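Consider the two complexes below, in which subunit A is the common component and subunit B and subunit C are the respective partners.
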Partner chain A sequence: MITAERKPLEELIECLKPYRRILLAGCNECVTVCAAGGRKEVGILSSALNMHFMKEGKPLEIKEITLERQCDPEYLEQLAPQMDQVDAVLSMACGCGVQEVARRFKETPVFPALNTKFMGASERPGMWAERCQGCGDCVLGSTGGVCPISRCSKQLLNGPCGGSTLGKCEVNPDIDCAWQLIWDRLKALGKTELYEENLPAKDWRPGRGAGPRKILREDLAS
Partner chain B sequence: MKTESTLEKILASGHLAVTSECGPPRGAQPQKVREKAEMLRGVVDGVNVTDNQTAMVRMSSLAACIIIRQMGLNPILQMVSRDRNRLAMQSDIIGAYSHGIDTMLCLSGDHPKFGDHPMAAGVHDIDSVQMVEMVKNMRQEGRFQGGEKIDGPPQMFIGAAANPFADPFELRVARLAKKVKAGVDFIQTQCIYNVDKFEKWMQGVRDRGLHEQVYILAGITPMKSVGMARYMKNKVPGMDVPDELVKRMGGVPKEKQAEEGIKICLETIERLKGVEGVRGFHLMAIEWEHKVPEIVERAGLLPRPVEQANPQVGTGNA
Partner chain C sequence: MENFEPVIVAYCCHYCAYTAADMAGSMRLRYPANVKIIRVPCTGKVDAIHIMKALEKGADGVYVAGCLEGDCHFKNGNTRAARRLAYVKKLLDDIGIGGERVEMFLMSAGMGERFAQTASDFTEKIRTLGPNPVKAALGEAKRAVG
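Presenting the complex of A and B:
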């Protein structure tokens, strides 16, 4: 999933200052799972903002709404009836959702309430870690199901580097060395010979190398 | 012989090779490069010129290599995959070779986090193994990495690093094998303090016959003080300094520690001379370059077998 963290309250207060009527829009997908921008977080942020602007003597009018998916035009329509009653949208979706709001509602300013971080998974309750950079040409089959592009600090396709220490990355002892993980997994699979094959220099075009990407499925396109 | 490299000639003739390094200055001070390199004249067969070492900005390795080449010495161009994509690498390699620089070292480089621009993005377009393969194909096939033909392919003698002390240890011989497969000609190892562990690694290297496919230069760094020994032990990732060595350094008075450090390094060299597959030494005397001549001399590695390159020959397309 896509992970995100809420921006500091002060930053949000700063960008809302010129406005009085706010639509605070959460999203029910990834950002709900990583507890950054779901219904619950919409409620919490709404009270915090209310409290602040009340104290300042300039109360805000905040409408709360949480869409099934902000990155989907179909669900986005639910915002339409609200738009002429608000001065700005504060979106608690990931960067994709924020942009879809901006694309659909051209006349209303939209601000991101979150910092979108990475595509990742939950390692344990309350912790998410990066897993994929969307390189567009997955090599997990040769690396024991551990991604060297997103999980090795130097993106080595033929690691480990000389800094790997007791399973940890030289960059930070909180980071597992991706190549230790790859090696352990290849051993567990009895496939250590895969390590001996040199992975060739990557063609970055399927990734960001050829500019912003699109997927077109003729069978679904109407 | 694959190249015109002096280092290759010496290694191929069976002599123990000696290389050392010169870290370029953090400013436009060409005289600093000359001073450091001058100390190494007649003492080593090649001078590694580091590439933004420890992720700190310095004079470019290429520029410092040219200065050293013009002095008639043999620079070894270091290149890290952190700072350049494949276009920049290949153009610099062609540029280096056009200035008579015929030996290089392919590295991944320290992470930006360790340097003075921790906010910088690492490039990591290709890794060090892929870089070795790219430079080999430039030489052997006369082709760019992208596939097109090169008019006047650079003939680089290709080096890479190996760290026998990083984890997982059982993978360290296999990682070397990957570099050999990619086409590396010589290896300079991480500084060796734990000689037992190094010998164990070399055993693994010989078991796979890799010592017959690549020249291995053992990395040696003299310790100046017990403080440095402790720092290397605790702070430098992938460095293995046994407790006995720290104790030994600490066991002598402060003013004698430098000499003790040199003694340790001479003992290490002596012991490594007897290890099958060790084809020379790479002396990294960090900010202590003036000690290199003394160490090489006391280690019985003087005189060097081949005369230094002719300063007039600077085109490299011989």
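Presenting the complex of A and C:
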């Protein structure tokens, strides 16, 4: 999933100061799962902002709405009837959702309520960790299902480096060394010979190296 | 402000604090009528949104009362509630309402006296803090409409 965290309230309060009628829009997908921008977080943030501005004697009018997805034009249409009744949108979606709101509703300012972080997975309740950088040419098949691009601090394709100590990365002892994890997993699979095969230098163009990317499926395209 | 009677919402766990409130009643212990009890199956059920909405709607203080450490009927609902409470305190500090308006207390079902004492102490604490600043604004809004 795409993970995100709510921005500090101070920052949100500052950006809403010039406005009175706010549409607070959550998203029912990734940011709901990582407890950053789903219906419940919309409710909590709405209460917090409401209370702050009431206390300041400048009450806001906050409308709460949570879309199935903010990154799909179909769902965004649900915002359309609200748009002439609000001064600004505060979006609790990831950066993709915020941009789609901005693209669809050109005349209303939209602000991000979240800082979008990474593509990751839930390691345990309340904790999410980075798992993929969308490099566009996945090597997980050769690395025992552990991604060296997103999980090795140096993105080494043929690790580990000399800093790997007792399974931890030299950059920070809280980080598991990705190459230790790769080795352990290859051993468990009985496929240590894969470790002997050097991965070739990576072509970064399918990643971000050739500029912003698009996917086109001719069979589905209109 | 002299006539200020705080409105307190207390989320009380069915297995301890709520029963302790009953006990306080049958022991004929007095505790302030300011405390409005909401029974929950476990304090682990109390979410940040419940506390925030209570304050937004004009409660002056909110507390969550759960089982003694290690005694949660559902193993660790009370420790989860304590963590959520810490989160809400921070939120309230950030928006200038003040985290001291919310608190967590632990007690067992047999602690009628503790229940009554906690209710009195918390009510007094909120009385000292004064009304929820949001309430003043809510009142003004109502006066403007009415």
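Everything that follows uses one rule, which is that the second predicted complex is superposed on the first by the 222 of 222 C-alpha atoms of A that agree within 3 Å, B and C clash if a C-alpha of one lies under 4 Å from a C-alpha of the other, contacts with A are read in each partner's own complex, and residues count from 1 in each chain.
Everything below uses one rule, namely that a residue touches a chain if its C-beta (ideal position, glycine included) is under 8 Å from a C-beta of that chain, and two chains touch if they have at least 3 such contacts.
It should be emphasised that the depicted structure is a prediction, and the values quoted were computed from it without experimental measurement.
In the superposed model, A:165 makes contact with subunit B only, not with subunit C.
In the superposed model, A:54 lies in contact with subunit C only, and not with subunit B. In the superposition on chain A, A:40 makes contact with subunit C only, while subunit B stays out of contact range. In the superposition on chain A, contact of A:196 is made with subunit B only, not with subunit C. Contact with subunit C, but none with subunit B, is seen for A:8 once the two complexes are overlaid on the shared chain.
When subunit A is checked against subunit B and against subunit C, the one touching more of its residues turns out to be B.
Contact with neither subunit B nor subunit C is seen for A:88 once the two complexes are overlaid on the shared chain. Once chain A of one complex is fitted onto chain A of the other, the partner contacts of A:156 are limited to subunit B, with no touch recorded for subunit C. Common to the subunit B and subunit C contact sets on subunit A is no residue at all. On subunit A, the positions that touch subunit B within their shared complex are 153-167, 170-172, 177, 179-180, 183, 195-196, 198-202, 204. The touching residues of subunit B, counted against subunit A in their complex, run 81-82, 86, 108-111, 113, 122, 124-130, 133-134, 145, 161-163, 166-168, 171, 174-175, 177-178, 181-182, 190, 237-238. Chain contact summary for the complex, subunit A toward subunit C: residues 8-10, 13, 40, 43-44, 47-52, 54-55, 57, 59. Residue ranges on subunit C touching subunit A, taken from their complex, read 47-49, 52-53, 55-56, 91, 94-97, 133-134, 137-138, 141.
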